[in-house]
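Here's the structure we're looking at; comments come further down.
Chain lettering (A, B, C and D) follows the sequence in which the chains are written, and residue indices restart at 1 in each chain.
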Amino acid sequence: MEKTHKILNDPVYGFVSIPYGILFDLVEHPYFQRLRSIKQVSLTHYVYPGALHTRFHHALGALHLMTLAIDSLKRKGVKINKREAEAAKIAILLHDIGHGPFSHTLENTLIKAHHEDLSLLFMERLNDEFDGKLDLAIKIFRGKYKKHFLHQLVTGQLDMDRMDYLNRDSFFTGVAEGVIGYDRIIKMLNVADGRLVVEEKGVYSVERFLTSRRIMYWQVYLHKTVVSAEQMLKLVLRRARELYDAGTPVWSPPTLEYFLSNKITGEDFHNRRNELLDCFAELDDTDISSAVKAWCKHPDALLSYLSYGLVHRRLFRLEFSDKPFPEGYIRRVREALANNRDLPRGAEKFLIIGEESNSAYTIHKDEIMVLKKDGSVTPMSQASTFGIAPRTFTKHFLCYPKEISAELDRGADAGA
Amino acid sequence: MEKTHKILNDPVYGFVSIPYGILFDLVEHPYFQRLRSIKQVSLTHYVYPGALHTRFHHALGALHLMTLAIDSLKRKGVKINKREAEAAKIAILLHDIGHGPFSHTLENTLIKAHHEDLSLLFMERLNDEFDGKLDLAIKIFRGKYKKHFLHQLVTGQLDMDRMDYLNRDSFFTGVAEGVIGYDRIIKMLNVADGRLVVEEKGVYSVERFLTSRRIMYWQVYLHKTVVSAEQMLKLVLRRARELYDAGTPVWSPPTLEYFLSNKITGEDFHNRRNELLDCFAELDDTDISSAVKAWCKHPDALLSYLSYGLVHRRLFRLEFSDKPFPEGYIRRVREALANNRDLPRGAEKFLIIGEESNSAYTIHKDEIMVLKKDGSVTPMSQASTFGIAPRTFTKHFLCYPKEISAELDRGADAGA
Amino acid sequence: MEKTHKILNDPVYGFVSIPYGILFDLVEHPYFQRLRSIKQVSLTHYVYPGALHTRFHHALGALHLMTLAIDSLKRKGVKINKREAEAAKIAILLHDIGHGPFSHTLENTLIKAHHEDLSLLFMERLNDEFDGKLDLAIKIFRGKYKKHFLHQLVTGQLDMDRMDYLNRDSFFTGVAEGVIGYDRIIKMLNVADGRLVVEEKGVYSVERFLTSRRIMYWQVYLHKTVVSAEQMLKLVLRRARELYDAGTPVWSPPTLEYFLSNKITGEDFHNRRNELLDCFAELDDTDISSAVKAWCKHPDALLSYLSYGLVHRRLFRLEFSDKPFPEGYIRRVREALANNRDLPRGAEKFLIIGEESNSAYTIHKDEIMVLKKDGSVTPMSQASTFGIAPRTFTKHFLCYPKEISAELDRGADAGA
Amino acid sequence: MEKTHKILNDPVYGFVSIPYGILFDLVEHPYFQRLRSIKQVSLTHYVYPGALHTRFHHALGALHLMTLAIDSLKRKGVKINKREAEAAKIAILLHDIGHGPFSHTLENTLIKAHHEDLSLLFMERLNDEFDGKLDLAIKIFRGKYKKHFLHQLVTGQLDMDRMDYLNRDSFFTGVAEGVIGYDRIIKMLNVADGRLVVEEKGVYSVERFLTSRRIMYWQVYLHKTVVSAEQMLKLVLRRARELYDAGTPVWSPPTLEYFLSNKITGEDFHNRRNELLDCFAELDDTDISSAVKAWCKHPDALLSYLSYGLVHRRLFRLEFSDKPFPEGYIRRVREALANNRDLPRGAEKFLIIGEESNSAYTIHKDEIMVLKKDGSVTPMSQASTFGIAPRTFTKHFLCYPKEISAELDRGADAGA
């Protein structure tokens, strides 16, 4: 008797399985295997040392949840044939395949391209290789297939992507409060008029899912130290490229050197797809980490300062504020950076002014719909009595070397 | 070397411990041991078969959390001396000691008295027995002690009682989504101006705690089947007393017979405290269950109908509605009950019209206060950006024997 | 679309389901529902307060595991048709239906019959009621069906009964070390020559399963306090019957009174099956607890002493020993009991001399067989390199009222 | 009020804390921080994708357990003063600080030195830096301190190292059966005559701990695929050095290049301690991974073959056997390698003949001692009735490229 599935241990779910056939072949493909070396949550492990899990593991977890969701929907009478089921699984498996090293952190820093676009390009390339077997998966991924709910399971406010990453990130960070009742939510999913809906008694589980997201955002993804480290990593790579452009040698692994020396854009990927995807597919977290370690000893004072700080966790200070920082304060920070003797010359470039925003829930597009017992469908924002606020909250931040903290704080006292 | 604590296995927390001395002696006291036979969540096990945990276990769990909370507060510099710590622990240990069989369900049915009042009477009685060693605990329990936060740890919107029961009920029902991050919330507690506050970064955990309560309310405590069973239990006891009053013999264990034959009120408890507490302390879930089983064969058709239904899970149908039920419908139900031949004569008494309400959060009294990083204190309803709605939601319900369901449903179709 | 399964929350497994049809109908039957009031581990909750779970919950859990096991075997190519699968599920669901109140504790005390015999009688009675639909289940239960492995899944050294109760008892006691990797063991099961085997790489999981049993035996099932309480309960019932036989009125619920007044044996059950099963089916833990509570005030000093001690946890002292206790010591204990003034006259009857034995593993019958990679089958005791000892260990015990402890201990010192 | 501890999330234990002072300062030291980039279980993530946890996390976990153990022992009256407690914590924190990249895999391949020796050197170096504050910790680590049990908590058959790694590896691999009852075992530890003992009732927990080790060894640490990948990694580095020695340029990060170009031995470390430790401290998993990736395109066919196979998971086949492989078979494998056209010339060097052995328990040195209730102390191998076999089991293995599998298998059939 033949085995039909490859079984893997997943500490989050116990066991997950990959059906032999195209799904297994895709997992074995070097394009997918490279996700083994791309951490799901970038530098979050600086704060939560367990958070070293990868996009590889996440994609397999999302596949697992998709399998559960499809089985549950079919048991409720929703029509999903074998071809559609497989295609939806392919789409979720590959939804993040376009992520580069350090995921979101370096997106648009190292390469001017969005990971969704790259994911699509990878899928198309794989579709060529697999003789068109990904046609339907790509249609679903792009939202062009008539059974819209399949797309929503891949990308939507209750998709299998979020469902897995909230659970997984919660598990590996140890922020237990982020855990969601994925099994119950999946059991509550249904389809009405071709769209994904949640059955009424699942409303409380969805509320809970939304608070999980809030917790994970403010406690993990936007944790001060995490944001600070990620901002520093961006600065490091920008500086490395500046030097490169100016003709200063910058040691780096060949895979990374390619992208430092060539400024690749999303357009380039379209024009020279196969070549560029192959180069991109060889790049992962390892290359960046290895380079940053080497740059600790680079002769350029700015590059080595940043790299050393990042490697040895001498991170920038980060201030959050609900309002934009006043011009005067920004000027004062910049001057302090320029004049501080412990910092290398040019350190005023280290000032980062940014913002992060998050909405637990949005009503603008593709809102979560609730299927009432009487068969009517109503948006979640009306069905819930908890008072879900579909507002977006923005936090502004300043980020700069700690060396000027004392000086700034003195100023604050003086001003008071 | 002497052991200082008795250690017990608690599946919820791993191990919990009881310090030898007055706390251990109170646990060993028959008044407290009787809680071993009073289920924490009454008839919830009809729906969630694991939910057989007792008030005994809950009280020990709440003691455990109180110990954690006091330790944490002291580590933050809050002044709590040994005497106060012990008193707060006594207060939480005994906070529910006045609960009778089937807890809330039979409160005011069997005995016209509130469990809080009885808890206080038990404490005072024990205080006599323990030579005044419960003085401070009683003060704290009643909110008369200057360090108000100790009272809030016993009774308040973030008290150790709720913290334990949400966790425990979630654990034993298996409704995993009800779990709360009690350890993190406790770590975030602090004291400002003598009142309990939550540190700002704990706001998301508190939001999460509030959604846990919502989930547990609608999914467990107010589950249709649970409410229906509990309403039937009330009817059974009311009918038993009616018969008793009318002189019909009603078999029951001696402990229960006392309360059937005597109509004891809260006032009586005050007047004949010691005698009545002793009688009350001998009554537990066992006596009720045993009686109801015996009543399945009682000659009175109403009593045996109700008892048989309860024992063999032939439960009433329950309809929930956001609005009060129209007069006309109620009349129709009552007539159906009166005319149905499968029901005993007098079944129109079985119609129960009631309501259940729940608010995840209230701003009226003792609102949760948040300690901001700048030292200011602000109410949770303003500190949270999630849009917590401090509204109370009321669900009206009708509950009646299933035998008339078909008839009522036919009527509904006809009317439509 | 129709629902095919009833889904229940089980804290141990998350969700378990019962297929509608005969399995669901059996669960709803009063014979099965009565298991809701029979605790799985008798008085273990005296030591582990969470251990209040019932045989009802256990039977559903075992059904769940049987479903997993059958699915897994079928995926491996083992031929099991629908009828056989359903029959095996019925057999495991009903395997313990013959248990009386307080399970093993009162077996042979209250009624002279084995629960396995009663389980079979219940099944036959239900078979009549369900028009022969339990024929195959009964064959499997009795080991008379050709596919012997189905019987082994119900009763054997790796059956679904043990698998569930080890997990469940571990969960509810909080003795986390008792947990077993049931999912992995089930995945490792296979069939060779019609018999159940474990695949070679499952050997370590089976070793682990055996240590779980050891832990649960010595730490839970044979815990001193548990054994002591259970011995007392036996004494209570024996004394009650003695009084009954002597014509002294002994208050008890009617269901219990039947069995006190009639000495029912296994043979009686065969002769008057339907009548006696109905009486037996009305008896559960509640009746015993309720009676024991009432007996605390019984005029007979022995009965009230024992009952009070049991209800208020003034339990007997228990001594364990690897060897039988010397005659001289036993005599001394008996005399101490006879002469102690704090004890009621006749207390020498309270001395209990007994033994408990346990073997983690037996090679005598139905040994666990291991399927090697080369296709050969070898017994576990040879396949494991851990040195599993298939010995039976016996512990002798003496159990007697604590009142004489001081006196006995003085004697011990004097003798030394 | 001042904070006394840094608190960190550890998914395994919930929260762990590091006291400010020397322990915190050691954690912040670059020597310790580098453990963030050294995976605890080398290439195990090839099989268990979650197993990316680091020696950094493990060391903090072991510190946590040491804190629990010391607290528990003190509560039992064992005398441990503040200085000793801190020293024992330092010793466990730093016990693995001498591990190089890929831990055990590359030990003795890249550098001829044992990690224990290097750990000691690091401690001595840090002792210089911290003005002798590590004196006592070093004494304990080396087993030279009079209170021998402190050493046993760091290194012994029940030390905090094993306790943490079994738990942690079980957690992150998802091999749930490897979990141990660390909390219970720690509660059962005691000291008799200056040596660590387990109280009698802890024997079952220790048996369980031993089966955990067995499970983790055979299922994780010695998993075929893991062993195969680790053997390949060794081959890669050996080949890289051969090329280096022969003057062929081998791209590598500067940190790695140092150890490729210099053959450093344990002796060198003693002679040029500070210089070499600094070089060693800059080397971590990143450097190796980065180099191996680059070597996929190296002109040397052997190096690129191995590197590509490792990166893209085209791993060697591994055969385990209880006996040494026959000479004839080995010859046949070697010839197949030499003649296979798909393999690079010289592939016969790829044949690896090795063995792995494991004993769940050893009685030779430092056996676990059990404290009986009568105060006597007896070795675990006698106290346990489970029949623990203190034998060592050895598995021989052959490991070679998959390309010759078909040929070898044909041979096997032919021979049969």
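Here is the rule we use: contacts are C-beta pairs under 8 Å (C-beta built on N, C-alpha and C of every residue); 3 or more make two chains touch, one makes a residue touch a chain.
Note that the coordinates shown come from a computational prediction; the quantities given were computed from them, not determined experimentally.
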Neighbouring chains shared between chain B and chain D, ordered by label: A, C
From chain D, the most remote chain by mean C-alpha position: B
Chain B-chain C separation of Cα centroids, rounded to whole Å: 32
Distance between chain centroids, defined by C-alpha means - chain C, chain D (Å): 44
Multi-chain contact residues (two or more partners), chain B: 14, 176
Footprint of chain C on chain A - complex, ascending: 1, 4, 7, 14-15, 75-77, 183, 187
Chain A-touching residues of chain B, taken from the complex the two chains share: 176-177, 179-181, 184, 201, 204-205, 207-208, 211-212, 214-215, 218-219, 360, 385-389, 391, 393
Residues of chain A touching chain D in the complex: 8-12, 14, 28, 30, 33, 36-37, 45, 48-50, 52-54, 56-57, 60, 171-176, 251, 253-255, 282, 284, 286-287, 289-290, 293-294, 297, 312-313
